[in-house]
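Can you keep this structure in mind? I'll have questions shortly.
In order of appearance the chains are A, B, C and D, and numbering begins at 1 in each one.
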């Protein structure tokens, strides 16, 4: 009996694979159901169906959670692991009738999908990425720090140029920070933008410098990745 | 006779080259004609000319399709190939007077242009790319999966922050997903954007993490390409 | 006498360097003057000053043009070269009192600045880039072709989804092409955007595929550049 | 006594580390306080607290500045160094009751944080970047020059296409330059965009060429960085 249960969550067995795929499908189904649930003006009949899907998901997820705890060789370690806490938070609110809706946290359960990837040949690709991320970690942290510094300086600068001309859009450094984020990431919603000549020239200079800086983390990861690949091939 | 017909679609012969270029030009002409046809308030005279171009294109395309089927050594294989189906869909609706207008599918016929590239020296460049894409395939799939996960989590997050303040723009997870797509790709149309302090801070964090992730597939392809080139040179 | 004149446009001599810098400064001054001239509501006094600057520039540019023609060993070759034609077009309209204002073409004369770069140590950097561009030429042409294909297919797709819902914004394939350009380059002005569910999902898919493709040319140039550098170091 | 003071600003000692962290925290606190101060409609009580934080910061910063001057072996060199001037500008206005508010300059004091990075293991990452930047310096300057050239030519082009149709948005070359900046960086606020057919086609062509060029500096830095890494590993 215990053997069978262990097999269920051991993806190297056939039952484990089927159970794992079933759980993944259920996570996706329960997330779609949760998303539909946020739609306004739903009909009563639809809500009823969503409720049934929800009940079914929670029952299965609870069974799976208890099974994982039961089977785990080091129970406390699993319970307090990242995935363990996510698994618990995904079902607990249902029983406690809490006001907070944590169903969306199930999205993190999608991370379990990476296990599925491991089944297939994606193990190599995931390893490459984690190695590349580890090697580029210091540079990434450094660049995120530089990015935040740049965002703050941009916000302070634009505040001086635009505050007088647009007291509503650039009312404080915090509002200016929002502009800096939208501009340097090149999202540019268009809800706030400079109108003074000084502000426009400042934006131009900031973008000339900033664009390269904001785009570098992606370049760092890519080249770290590329290095990992070359090293593997040399060995 | 059959020899001549085979030569027509064999791009290694002179007739084949001329016929191929003629067909390419006709595809472009028929697409321009189709595009003009969508313009509202066209004059009757223009519509008549477009109709003639359309008739002429379909006759030639039909002749070319039948020729390809006739000449093909393995007929069923060609008929059910991607290009074979596209070729058929590009002419069939004309004869069946279907309500659906599939003329736009002819755009896919432009893919035949790659054959022309083969004539010239682009063969090497195409090979490089297909090798690079094949090598980076697993990583690309992994990253598209991470991107979709990130988009969903962003949508859920912004929904909680903005739903109350902007019940029209962020009315459900699906509307929030649209915001997530427009933001993380940095398109930023400006039709939906966060207005609450929490939503703006959330957007900032999501962009800081997300920008690097969304930009990585291009980096992967570029570095795979660069690796293919180096290997070629080493050999 | 002729020797002195040759020296004037030979940047390897001291006089040549000074004359070259003088011409560069005059190009920049004349461009700034031209830009100011486009400002509406200028005062009469300002217009008069701009007129003097313009007259002075044209006289000097004419002198320089004639000098270059006079000094050039192969006169027709220089006259019909790209820079030669630009030089002529920058001064001719002034004498002919043509309706067309070609002063803006002087901006291309800024390309002469690259000569200045050659004086300094930028020769190496320019060589690297031209080598990289030459090596990546085929791939770049291929990708520009793929980009145009993608833009057309996106335009056709969005036309079907949005034409009915927004007959003004997506009135034809051509209007849809404008949307495709603004979206796939991630500029996203926000003047046109999809509103239907189908159009939004289509945009999402197109962006997922398209972003990587549109960003690749920059990656190609960068990696070609990086390859040129490595080769130089190996030699 | 002097030994103790020297130790305070020598980050290799324990007291130095603690003092350095304390100063960093105070810089961040004083910047947050400065940012809050820009909020309109603050309560009197809040302003009073901010005033106390400000007074406290200035006293400590003054003490630190004097200490650095006192301890520095080459006093004039420190006083006129970049960080020395920033340190002075961050406190001077408080004493002189100048109209200009230079508190925002304290943001530059965050650069001292890099010293903290040196404490930890980020030394290597910073070295890599400065080496990469030095190696790519010429190419970066060249590309910034090309970018500015491209922006000017784009502005001139769009001015001719759009000035007549939108005399308010594209009233001069300078207004058109603002459009060029917002477009080629792909920020696309949506405050100005072409409406004529010619202007849209021009935008398309400019974006096709320009996107690759604007994105290259990031690519240059990334590949320079990647080269630095490989070289280090070869040695």
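Going forward, a contact is a pair of C-beta atoms (placed from the backbone, for glycine too) under 8 Å apart; a residue touches a chain by one contact, two chains touch by 3 or more.
Remember, predicted model here, so these are calculated numbers, not experimental data.
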Interface residue identity across copies chain B, chain C - same or different by half: different
A-C or C-D, whichever has more C-beta pairs in contact: C-D
Chain A onto chain B, rotation angle from CA fit, given as a multiple of 5 degrees: 90
Cα-centroid distance, chain C relative to chain D, in whole angstrom: 29
Gap in Å, rounded to a whole number, between the CA centres of chain C and chain A: 40
Multi-partner residues of chain A (each touching 2 or more other chains): 174, 186-190, 215, 218-219, 222-223, 226
Residues on chain C engaged by chain D in the complex (per definition of touch): 31, 34-35, 38-40, 104, 107-108, 110-111, 113, 117, 121-122, 124-126, 128-129, 140, 144, 147, 174, 177-178, 181-182, 185-191, 214-215, 217-219, 221-223, 225-226, 229-230
In the complex, chain D residues that touch chain C: 138-139, 141-142, 145, 149, 152-153, 156, 159-160, 163, 167, 171-174, 183, 186-190, 193, 197, 200, 203-204, 207-208, 211-212, 215-216, 218-220, 222-223, 226-227
Chain B-touching residues of chain D, taken from the complex the two chains share: 186, 188-190
